[in-house]
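Two complexes follow with chain A in common, the first pairing it with chain B and the second with chain C.
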Partner chain A sequence: MSKVQRIAILVLILLAIIFPIISQNDYFIHVMTLSFIWMIGVYGLNLLAGYTGYLSLAHAGFFAIGAYSLGLLTVKAEMNFWPALLLSLVITGVIGFFVGLISLRTKEHFFAIYTLCVGYIIYLVIDKWDSLTEGVRGLIGIPAPANIGPLSFETLQSHYYLVLFFLLLVVLIMYRIVHSLSGRTYIAIRNSEDLAQTIGISTMKNKLTVFVISTVIAGLSGALYASFVRFIGPDIGSIAIVFDFLTYLLVGGIGTLSGPIVGTILIVVLSQRLQFLQDYRMLVFGPVLTLLIIFYPRGIVGAVVSWTQKRKASVHQPIIRAKKLPEEQVKEG
Partner chain B sequence: MIFLETKKLTKKFGGLVAVNNVDFTIEQGKINAIIGPNGAGKSTFFNLISGFHPPSSGQVIFKGHDVTKLPSNKIAQLGVARTFQTTNLFEQSSVLDNIIVGHRLRTKSNLFDAIFRTKRLKTEEALCREKAMEVIEFVELEKVAYKPVAGLSQEEKKRTAFALALATNPEIVFLDEPAAGVNPDETEGLAVLMKKMTLKGITVCLIEHKMQMIMKLADKIMVLNYGEKIAEGKPEDIQNNQAVIKAYLGGGAIA
Partner chain C sequence: MEILIQQLFNGMTIGSVYSLVALGLTLVYGILHIPNFAHGALYMMGGYITLTMMTKYGLHYWLAIFVSILVVGVIGVLMERFVFHPLREAPPIHDKIAAIGILLFLEAFAQFVWGAEFQSMPTPYGQVVQIFGLTFTMQRLLIVISAIVVMILLTLFLKKTFTGSTIIAMSQNREGANLVGINTNRVAMLTFMISGGLAAIAASLSAPINLVFPAMGQLVILKAFVIIILGGMGSVPGAILGGYILGFSESLGATYISNDYKDIIAFVLLVLILSVKPTGLFSKGGH
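The block that comes next holds the complex of A and B.
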């Protein structure tokens, strides 16, 4: 990490910390807290889709599993928040493990379609299983996180800091995973599974590990959502949510570390600003997203990164390119 | 002991017999070549040995162990490396970054090490980097080590793919058309590099279409045609083999 980056990160963290103090506006703090929660979920999706190359559309389902596990454990089983949080992550992970075991046998768009179906099944189960989940009535009265010693999380501000803490933790974990040998292994799988296997990487084992981590993080995001909003309905597992995640990720930059933050903030702020347009907002987002995918497939962050790389390259050396033969000549059966 | 051999190796894709009853032994420390017209089953033969496809019948024996049913990542761990016709590299990444992961199979650090930045991770990362630099030097790519692969010439990409295979510490490398899409001068350079590998004790087995290169380079050649072995031997024997000439130039022609 360069010095500039270090300073930028410190400044951003500081800004996030002082934000509730300078803003004083409950509505803004509420929106920011929600965006942090989304960001955590998007980071989960990013590790799988961005770094390992498997686009899962079941993540709203896992988000909902996390949220409902926490809700049910605290409301119906009357557990303390913290063990309930831990347990809901375990539940999400276990379900993620079994879903991954089957879904990772497929690839590319088949994987996307399969997980889309899984996500929808999870939504249906939550919606129809009245006796457990209260169905469409939703789950009401989820408690705020229990106190840790003198720390209480009753106020909006304290909740903001709690979510911020988890976000920073997730970012740190992501940073470390991506910049380790494990991260390199995942990127190798994304790049070419065949090649990864010939250099001795057990692709199934690695993919499954990533899938489970990714679902656990989505579950964490869901659990935090449940305790923040205090009310959850089956809609949080709907397809619309996973496409929200995906939009945040694609706009920010899939397979980049800061992409989830950039994308989420941008879209959330924009959609708040454009609220007067109601659902016509989608008329703005749709074309912009399409253009972005065509011209900047790795989102805003990806575009900035490749732009700086190009600038560096052109400063250091003029472009020398050896004569390149067309790829077609390489192919033979 | 025989280094690597196939016994009656057969692969059927539905009704098509891509590789048919092939017995072949690879000589240790030599350059072994497999040639044959397009669609002769050469690449499939490679895929069978490296564990990419399970054979329909027959065996692959590596240093006395039956590896027929092992998945390709396990075979790689035993010391068998390979390259593909298309290099499959990560184009946006630098040469070095592409190659570092090649030594991953010799390391043990896991996610726990990654998250807590343990000592093991740090030493193993240094090890992988060192190994990568070593093989980059071996294939003479020091000058472009930090450049993204997308900006390299076809020949440099081939060398990068070699380096990645070498980073796994192999005893044998299978090279699938290493000189395809590369100009004559560069082909010469790649041939020198293959020689250099054998001098280091690594056995080479390659598929190639460039006959001049193969005849000069190989110690042993096997010829496949329609999935069957039609000849095996030293380059000069192959050149004069009637069956081979017929396979390449067509049957019935009066020379």
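The block that comes next holds the complex of A and C.
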């Protein structure tokens, strides 16, 4: 990480921390908290689709599983929030493990279609299993996170910081994963699974690990959503949610570390500006998604990265470029 | 017994619609190897255009369907030209995302133009007929008969005409087809045209017994994917057979298992198939 990047990240974190203090508008804080929650989910999807090359369309399902596990554990089983949160991550992970075990045997199109169907099954089960999930009526009265010692999460601001904490944690985990040997393994699998296998990578084991991590993160995002919004319905498992995730990811930059943040913020802010469009916002975002994938397949972040690389390449001397390039390529991947 | 026959007939009707949609999907997959997630949106557009032609412009049902076939076919061609053609060298994940973008756009477009309400399509064939003591609505009979006619015509076209054989040639081997002088771009456009047309026919036929609404294509397209995996991606007979298998199992499942969960049958079927055979039944290997 270069010095500039370090400073930029620190400034961003500081900005995020003082945001509720500057903006006294509760509505903005609410929107920001929600977009942080989406970002966490998008990071989950990014690890799988962006770094490992498997487009999972079941992630709204795992988001919903996380949300419903937390909701059911706190509302119906009346558990404390924190053990419930942990348990809901475990539940999502276990379901993710079994889904991954089977679905990862398929590849490319089959995987996308398979996960699309898995997502739909999860949605249908939540929708129809009235006795457990309350069906279309939804779960009401999910409690806010319980106090930890003197820390309480009743107010909007405190909730904002809680979600921010989890977001930073997820980003940190992602950073560590992507820059570790496993991260490079995943990228190798994305670039060519056969090749990865040839050089001795156990692709199935690695893919399964990614899948479980990615579903757990989606579940975390869902659980945070449930405790923040306090109400969940089967709609959060619908395919529309996974398409939203994809839009955020694609606009920001698939397979980049900062992509989920950039994309989510941008689209959420734009959606706020385009409120008059409401249900028709996809009239804009649909074509944007398609055009981006044709012209800027790596999203905004990808475009900026390649632009700065080109500029650097033309400014710096060739020797420095040769030294710099490998490091940058890893970052980019 | 009577219920069984009635349900078998219902299965036949649903199956015909599924087969038509799956045929379009499988043709496109055969040619370009893309799972066209936007196909369901084409289906939905087909329903709306037929409806508009009938209610706004007072066209006759069949004439409206004809217009709808043309319009949706052209939408399909535009999709190929502007989206899938530029992406032909891109990694497969890009096609899927691009298709999802189109799907989102078309659904929002339909909602924008025609509203989110459920609309019913009038049909000149609402009467009830009695055959062997069983009651059928004319529209359902019509669905089955027209679907079969369309399928026969399509098969004849693919097998007997020169243009049809170019489609098959290209689905077998794109480079080879190019080498023997087939204009692959033209064939790709033609395939999208046919695929869109089939979706329009399916939607227009089934709309009077279902309803027309912006999300009407979602479930159908998911099931069509199940079908082409069942019948082998790119296989024409497989799509037809798979459509009917799914139609029958759904209508029988709805009667004898649970009406609530009938939509889940298809997906459980698919999950089972892919769990056992990750490349689908009857896959030809390679793709």
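Criterion: the second predicted complex is superposed on the first by the 315 of 333 C-alpha atoms of A that agree within 3 Å, B and C clash if a C-alpha of one lies under 4 Å from a C-alpha of the other, contacts with A are read in each partner's own complex, and residues count from 1 in each chain.
As a working rule, a residue touches a chain if its C-beta (ideal position, glycine included) is under 8 Å from a C-beta of that chain, and two chains touch if they have at least 3 such contacts.
Not measured: the values here are computed from a predicted model.
K.L.:
Applying the document's definition of touch, where does A:195 land relative to chain B and chain C: first, second, both, or neither?
P.N.:
first
K.L.:
So in the superposed three-chain picture, is A:183 touching just chain B, just chain C, both, or none of them (first/second/both/neither)?
P.N.:
First partner only, chain B.
K.L.:
Would you sort A:152 into first (chain B), second (chain C), both or neither based on which partner it touches?
P.N.:
neither
K.L.:
Contact-wise, after the overlay, does A:116 reach chain B, chain C, both or neither (first, second, both, neither)?
P.N.:
After superposing on A, A:116 lies in contact with chain C but is clear of chain B.
K.L.:
Taking the superposition on A as described, I'd like to know which of chain B and chain C A:308 touches: first, second, both or neither.
P.N.:
neither
K.L.:
May I ask you to decide whether A:80 touches chain B, chain C, both, or neither, giving the answer as first, second, both or neither?
P.N.:
Neither partner.
K.L.:
Which of the residues in chain B come into contact with chain A in the complex?
P.N.:
Against chain A, the touching part of chain B is residues 38-39, 43, 50, 52, 71-73, 76-77, 81-82, 84-86, 88-90, 92-93, 97, 100-102, 104-105, 107, 109-111, 113-117, 121, 124-125, 128, 148, 151-156, 164-165, 167-168, 177, 180-183, 209.
K.L.:
Any idea which chain C residues touch chain A in the complex?
P.N.:
Per the touch definition, chain C meets chain A at residues 33-35, 83, 86-87, 90-94, 96-98, 100-109, 111-112, 116, 218, 222, 225-226, 229, 233, 260-261, 263-264, 266-268, 270-271, 274-275, 278-280.
K.L.:
What residues on chain A touch chain C, complex-wise?
P.N.:
For chain A paired with chain C, touching residues are 49, 53, 55, 102-103, 105-110, 112-114, 116-118, 120-121, 124-125, 128, 239, 243, 246-247, 250, 279-283, 285-291, 293-294, 297.
K.L.:
Taking the complex as given, what residues does chain A use to touch chain B?
P.N.:
Contacts found on chain A: 173, 176-177, 180-185, 187-188, 191-192, 194-195, 197-203, 209, 213, 306, 309, 313, 319, 321-327, 329-333.
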